[in-house]
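The same subunit A turns up in both complexes below, where it pairs with subunit B and then with subunit C.
Our next item is the complex of A and B:
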């Protein structure tokens, strides 16, 4: 493995992993509170579109990100109403959300930008970390990214600390493990879960905006291309632990970065072999890791508080 | 039961068709694999049908984002609805059209970028993508400074493979020691992955890149723009996305395909065969060099012009075989 390969691989792993990491961290919090949201894909799409719209209209990538997070919260609110207010099946509601997001983002894109043209927006600046960024090999691999990459990594640590070391984290986990017992101890289960699902929506929106505003600077329909579902898988691989989720998304990003770099080196092998590599590794990892994993006790079970 | 229902629907449709024969306006359906906003393969078809709508007395209907799995049901839907012409825009519509065309003898099935045909009502229009790739490769070989160029494909369907082969052969014609890197996205639409793959080829030294696909092409153009390396567009002239880095575009004239198809049906002259369009038939074209006009020498431009003339005259012997 030469230097160019290594630098490209690591840098690419962060770029490919970051949008998934944002969404997966939000989904981790939602799932630890007991709510499964499989509509992440749709929320990311809406975030991707509204991010571009916001950045284009205001001239600021950051305002675009903020608008994407607000739109993500609005999408998640639909999930809250369906699942927490009307106690519908969370998987069915989530699938609905995915399709809704696909339609809304595509429709919005045409209303705002029309057809046959690609809009350019301002993008996030790269951070200059002084001597760190100028290190040989290590610099370009780790310390020359968009600022959002570092935000996402820091957020993984913060989420871990919040969930395991604070009182509010304990409340969230107890609501997710056993809502009946949590309710009996005086915790407002519905309110707690609502906040967690909305936070999950905000982060999925941010993940979508990273993809569109951060990486491309424009929106195209269905651009999330399954990353929302990968994010849900990464929550499982990470065993509902934010630090595990961080490792899972970077591992997946690295596997994907590796396959696109191996393809041109072995032109005689069918390209499908490389494209499926990250997924094969992911399934393999799941088999290996699942022996010790335990999902939150109340996950995906509708809960109605006693009157 | 199913056969009966199909027969019944044909009967109903035929009866309805006969009823308003007085106002015989052709109904044309265009079934697209991606969104009309992709800025390449689907946008080109969309603009083609829009132009045809103005030119002919037709009523058009467009279905977008048709997945591989929905290909057949989309064609069936329009056929049962009694459309006169159904255009499937993509290789993947070939097999489904072949399976069902005989059940709807009053409808013309036309498939783009495929080579299927069947009496009495299945025709296809294909372009010589290999020739387009050949010219693109020749230009890439002339402008590269590193001696490494790259091709990024969406999914290796026949036309993309032909373009790829042509790209490599055209490049080697003018620079035998040129290195051609190639990789596939595994999706037509994943723009972020398209960009990432392009970046990886640029890392390996490619300073001219080209791409085939849908939105994934935009990812390549974006990556080239960001890294300041040259790009050669395909299918649809997208120079305005990145005027400083797009050298030219190997245009595939889907508007000509669609115009020809509808025009022949209107004139009652369409035959159930494969129509293959190249530079000679205006099915391929090269976009103006624009900002690169001054960067290419007169000699280089003359060589490209000569190459296209040679292709037209059938003098280029190693053009990719049509699969």
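Our next item is the complex of A and C:
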């Protein structure tokens, strides 16, 4: 394997893994609090559209990102109302959210931009990290990315610290593990879960905005293409540990990057086989890893405080 | 001196069920009160009110004379009330210190400093004589260890009154003695303790006073020294009724023989061991005792819902394979009126006919190849409705009927057809007098026709009314069975209380 291949692969792993990482980190927090949100895909789509719309309207990619996060919170609020207020089945509500996001983003896109023409909006600039960026091999692989890539990686560390080293993290973990015990200790289970799910929505919105504003500068219908579900899978591979989730998303990003590069090397094989590769790896890893993983005890179980 | 805690005229209802009515309880510093009562008597509801988990519908709570209004366990904890629940409310994958500090306002959310808090907790535990490692994960502790954590947690929050809910059910003998020692050392420090139990041993070991609840009312209250064990059991389970109606059935051949049966609880602790008895056709054999002494586990192991880890069950001379399922036992004529009707007895959202089929779908009569013959089931339901005087629309879901009518369908369904053995767990509990009489009458009638009935009941008056023989499960052992004519409620009461 030559140097250019390696550099391209690593760089792409970060580039392709980042939107998934954002969504997966938010989902990790939500799941650690005991709420499964399988509607991440729909939230990412809404984030992708509102991000482009905001960036286009204001001329700033950053304001686009902010608007995408707010839209993500609004979408997650639907999940909060359905699951935490009305105790609906979390999987059913999440599937509803996926479909809602698909419809809303497609509809919004046609309403604002019409069909056909591709709109170009401002994008996130790459950061210049001085001598680091100019290093041989290492530079292009690690230090010439969009600033959001570094934000996402730092966020993984921060989420880990928050969940395992702070009192708030302790509260979140207890609520996800055993809401009855947490309630008896005087913790407001519903409030804690609400905050976590809304945070998960904000990050899924950011992940969507990275896909659209960060990568191509426009919105295409259904552009998230299953990454929301991959994010949920990454939470499982990462065993609900933000650092594990970081590795899982990079692994998936690398697999995705590899398949794109392998396609031209085997022109006789249908390209669909290569597109399939990351998903096959995902299923394989899930079978292998899930046997030893331990999910939060209260995950996806509706909870109503006694009274 | 003002009492530490004073509960006055407490009332609480859940829907139409009255859980507590006009209950008074007061306790002073350094005092230990035992609260006795059957399951469902209202003990846990009362303590959940005292500890802020539930709000009372009526009545007042005072602490040192100050009226209180608890809206959360936090409020009660701040007022100095700590509760140790029967099912420990600890988060399994957190450490002891993390569990104790959870929800504590002294925990700094940004810098939790768990090492310092842990050292402090270790010192506190040591002072009151509790063996607790503050940095161990809770899931690695045994039951006694978890209980010690709960006690330390309450004390660490500054509790001056500890409520212990059934503290000894899951403890070994040695751990029980240690708990008694801890209780004594705490009361020397002026901590007041309310001990909820249905074990008289616990009450006699550490309590000064006793309060007995039955069906949400206080039926007895006063110094323990004035009361005998038998008197306490009688106020818990109700007054005996002298001599039931004459029994006409002839006891036939044994249809069920159990020998050396040993079964574990869900938590792996032994429910009972070496249980041996036989059940004959045309008799009602009662299993008396206070709930939670292995009766449910016995019913489950007989009906194929729980794996026995030792001993034999023989039905009509054939020893059953231990791995046998509930369905194959049913095919041999074993029927079951389960302890928890809503969980195991009925499908609340389905019709009476579907609920009938729940027990009989596998019988050829109700099937043609893979199709269920619902019409035939409906015809059988109609006969049950007539026989049991079941009130309610046959078209509606069973969940919309009253509990008594639901139980009539379950009883009719289980005694229908080729039933040989019926395990009836608390068949009349919680039902009104007329329904109780109707159900007891049907049980006796089917017994007279040759059905062998194992009646699990904690109501001695019911046992004396309809049973032929009685046995008692207590402390994991079986006593009896003996014919009712050769014993008395006093003797059985003494067996139940472990005397």
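Everything below uses one rule, namely that the second predicted complex is superposed on the first by the 307 of 307 C-alpha atoms of A that agree within 3 Å, B and C clash if a C-alpha of one lies under 4 Å from a C-alpha of the other, contacts with A are read in each partner's own complex, and residues count from 1 in each chain.
Everything that follows uses one rule, which is that a residue touches a chain if its C-beta (ideal position, glycine included) is under 8 Å from a C-beta of that chain, and two chains touch if they have at least 3 such contacts.
Owing to the predicted nature of the structure, the values given are computational and were not obtained by experimental measurement.
With subunit A as the common reference for superposition, the partners subunit B and subunit C occupy compatible, non-clashing space. By the touch criterion defined above, A:220 reaches subunit B but does not reach subunit C. In the superposition on chain A, A:257 makes contact with subunit B only, not with subunit C.
Contacts of A:275 after superposition: subunit B is touched, whereas subunit C is not reached. Contact comparison for subunit A: of subunit B and subunit C, B touches the greater number of residues. In the superposition on chain A, no contact is made by A:138 with either subunit B or subunit C. Closest CA pair between subunit B and subunit C after superposition: 21 Å apart. Considering their complex, residues 4, 7-8, 12, 15-16, 19, 106, 109-110, 113-118, 120, 211, 215-218, 220-223, 225, 256-257, 260-261, 263-264, 267, 271-272, 275 of subunit A touch subunit B. Listed in rising order, the residues of subunit B touching subunit A in the complex are 34-39, 43, 46-47, 65, 150, 156, 181-184, 186-187, 189-193, 195-197, 199-201, 203-204, 215, 218-219, 222, 238, 240-241. For subunit C in complex with subunit A, the touching residues are 48, 53-55, 72-74, 77, 83, 85, 88-94, 98-99, 101-104, 107-112. Those residues of subunit A that touch subunit C in the shared complex are 165-168, 170-171, 173-174, 177-178, 180-187, 294, 297, 306-307.
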